[in-house]
Amino acid sequence: MTVDPFVNVEGLSIDITTARGTIHAVRDVSFTVERGKTLCIVGESGSGKSITSLGLMGLLPGSATRRAARLELGGTDLMALGPRAMADVRGSHMAMIFQEPMTSLNPSLTIGEQMAEMLTRHRGASRKLAFEKAAFWLQKVGIPAAATRIDQFPHQLSGGLRQRVMIAMMLMCEPEFIIADEPTTALDVSIQAQILHLLSSLQRELGMTMIFITHDLGVVSRIADDVAVMYGGQLVETAPTADLFARPQHPYTRGLIDCIPIPGKTKPGAHLGSIPGTIPSLMGALEGCAFAPRCAYAITECRSGKLELTPNSANQSVRCLHPIGGAQSLAVTMEETE
Amino acid sequence: MSDVSESFEIPKREAEPWRLLVGRMLHHKGVMIGGLILVVVVLAAVFAPFITQYDPLQQSLSGRLQPPFWMERGSADHVLGTDHLGRDYLARLLYGARVSLLIGFTTALISGSIGTFLGVLAGYFGGRTDSVVMFLVTVKLSIPTILVALAVVQLVGGSLQIVILVLGLLLWHQFAVVTRATTMQIRGMDYITAAETVGCSTFRILLTEVLPNVLNQIIVVLTLTMASAILIEAALSFLGVGVQPPTPSWGIMIAEGKQHLFFKPWLVMIPGVALLVVVLAINLLGDGMRDVTAPEKR
Amino acid sequence: MLKFLIRRILLAISVAVCVSILTFGLLHIATDPAIAIAGEDASAEEIQSLRIAYGFDRPLYVQYADWLSKAVRGDLGVSPYFGLEVRSLIADRLPITIKLGSLSIIFALVLGIPLGVIAAIYPNTLIDRLSLSVAVFGQAIPNFWFGLLLIYVMSVQLRLLPASGTEGIQSFIMPMIVLGTNAVPAIMRLTRTGMLEVLGSDYIRTAWAKGMLPRQVYVKHALRNAVVPVVSVAAIQAAHMLGGSIVVEAVFALHGLGSLAYESILRSDIPTMQAIIILFSSFFIIFSALSDIANAYIDPRIRIL
């Protein structure tokens, strides 16, 4: 997909051992992200998108096994790094922002303490300097009265403010790569736009490469350079954003797009598209296409054998025996609303 | 919707079929090991007269302080040696086991009855009954058990029965707490409401529906209380209070052996190890029963 | 919060009063205090005159009211055996018991918390089972026998520590170990459970994501949150240790409150027994009230009320 990718993932598979069997949470996922660009990974809950990011960060639980042909960040082979080396990379060169700001900060440490330790740990800064930097960054992410906030505890801040603190905390060491796992899902709609805007501008300013995980296609259309759609632990389609919306190839992608109401176009009372059925179990071997049970276009061949992710054009790949044609009318609609 | 004319059936109680429980018990290492040791000890205590021909009270001033058979100058005559009055140590150990087990078991039964009674009442009726019982439990918790046991037993006069009574009145709180919690849980279940609706008397409900379900918890607390009772009794008799010599009690044996600790340590070691093993076995059994009756809590 | 505070203190006071009534009643019913003082072989007239002199012929509740009114003013009566005021007897023996108690609870924490942390970091492994075994042993071993065992090993065989007496800190090492070992299981288990719960929370995942080192995650981030309930349990264990000190002080010949209790029991010295039982109960009542209040303070739902 790209010439000199900053993030290079090839054949990533993650299995989780449970009492009831092995869950194949991520199956043979490959993607690349160019330096400075944003890749959005889209999918429902249970599609494996969060686990993929945890796998990248090396934050998988003990019951999980990670395999990959290639897992590179800026040329460094992440698979070859031991625990200490990985801990040095995390926070310093790669950072992650989580979904629940209400529970992701330590309730018994002050904001300043949690932030300052990033610099004392990774940059060898003195406590004084680290706290000063923390105050600086709080201001940078738009938190007023930073000097007061530094000594406060997380429970004294609202959800939106806590997420800003998270962002500031994770970006303090100016990492080259950041994963944002649904950072706005748990926030009020009014705050969501602010946080998105904050993230985008910081990304541009610091020249970071970003993977943004979401189930919200509206967000995708706003910030993504490229999109990867996941279903049942697999990548089913990858494409640059505009191409994905203009010419979705995979029936699942088409279904997701159809679910979005379009202001001005969708008539009140009209049926929003929905995808019938539920996500598949991730245990056991996969026969054919994971989406087949819910697919309106499924044919007999879809239910057996192994499907590969095949490139469709220069930048687009799809894992489907029966990719649908582009929907020109949809492309026109998207342009109208932008 | 079912036909209204169908006869009303009280839903089946949720108590677990015994077979499943016993099956789990047989597979749990703690239950099996602890239970086995306990059974051996009980049998040894019961059949003591057949295991040793000696009378634990019979003194022999010529054969004093003989060491156990595995040491020098020990003999197979007195397998565990003799104490400072020439009494056979194995005999005293076995008959002492009777004292410990009897006290442990009876105390647990008495305190179990008191505690379960109070706990079930508190859990079932709630409100003021609950507040009263919880207050009693708090008062009981604040009382220093060993101190009060020592004081009362000494003042009234030491004997097996007094010790059992006093300890029985001092060790009921855990039963109350546990049965209260379980009863409250059961209280909210449908089959209780159903039974009440049909007109079952409270007493009958308590007996047939609540009690069987609380039984699992009671068994666990029973074992742990038994262990506590045995340890406390040993401490009491060690301090010279409670069961009086010449009755053999492991605590008394340790106290009497104390002055010979330097040169004849087995007098202290043997009964101490016996205490340790028995209490460990009971604890293993109790912890195991807890695991087995509430596997999701593990 | 204020409402909670008042209710909790009222509860503490009513429990204390109840305990004192129960104790008073028990002690005075269990035996005839006049005989206890006069001795078994005193004549009937001696006993009767003693009874009147001490006021034992009055109804029980009058005697109790009398005791209570004096007690709240600090007058705990006179010991018929020692011939001294009870409160000075207690004041004399208190320092040793406090020293022993503090050392023991510190020992229990120093041993129990790290064991619990390690067990939580490596759950269901050999290390975990070993720590659990230590806990099980600590609960099962009779403390007086443990003391004798330690004496045998340390004093007799190894000649490392003094077997009795109160010269210097060495005399407290073995008693401290014996008393502390009783509390280790509870502390260890609670730490382990608390740590396991905390280690699964989101903010610990954040700490790992920040690239923090294991030592920082386990101690600075996790333990700080997990240790709170342990502290309140430790306070209650400390109160329980008072009861255990009777035996330990007897075995190691320490002259603290425990041995005073033992002596007074052997001599049927009722005023002293009464005072010590109330004292030990009060420790427990105060410590558990403090820990309840501390927990309520931490729980924001109660704090706001």
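Structural remarks
Labels for the chains are A, B and C, by order of writing; each one numbers its residues from 1.
In this section, a contact is a pair of C-beta atoms (placed from the backbone, for glycine too) under 8 Å apart; a residue touches a chain by one contact, two chains touch by 3 or more.
Given the structure is predicted, the values throughout are model-derived calculations rather than measurements.
Ranked by separation of Cα centres from chain C, the top chain is A. Highest C-beta contact pair count among chain pairs: B-C. One inter-chain figure worth recording: chain A and chain C are separated by 55 Å, centre to centre, where each centre is the mean of the chain's CA atoms.
Chain centres here are Cα means. That of chain B falls 23 Å from that of chain C. The touching residues of chain C, counted against chain A in their complex, run 201-203, 205-213, 216, 220-221, 224-225, 300. Contact residues of chain C toward chain B in the complex are 11, 14-16, 18-19, 22-23, 26-27, 30-31, 36, 136-137, 139-145, 148-149, 151-152, 156, 242-244, 246-247, 250, 261-262, 265-266, 268, 273, 276-277, 280-281, 284-285, 288. Chain B makes touch with chain C in their complex at residues 135, 138-139, 141-148, 150-152, 154-156, 227, 231, 234-235, 238-241, 251, 254, 258, 261-262, 265, 268-269, 271-272, 275-276, 279-280, 283-284, 287. On the side of chain A, the complex with chain C involves touching residues 57, 59, 84, 87-92, 95-96, 98, 100, 103-109, 117-118, 121-122, 155, 166, 169-170.
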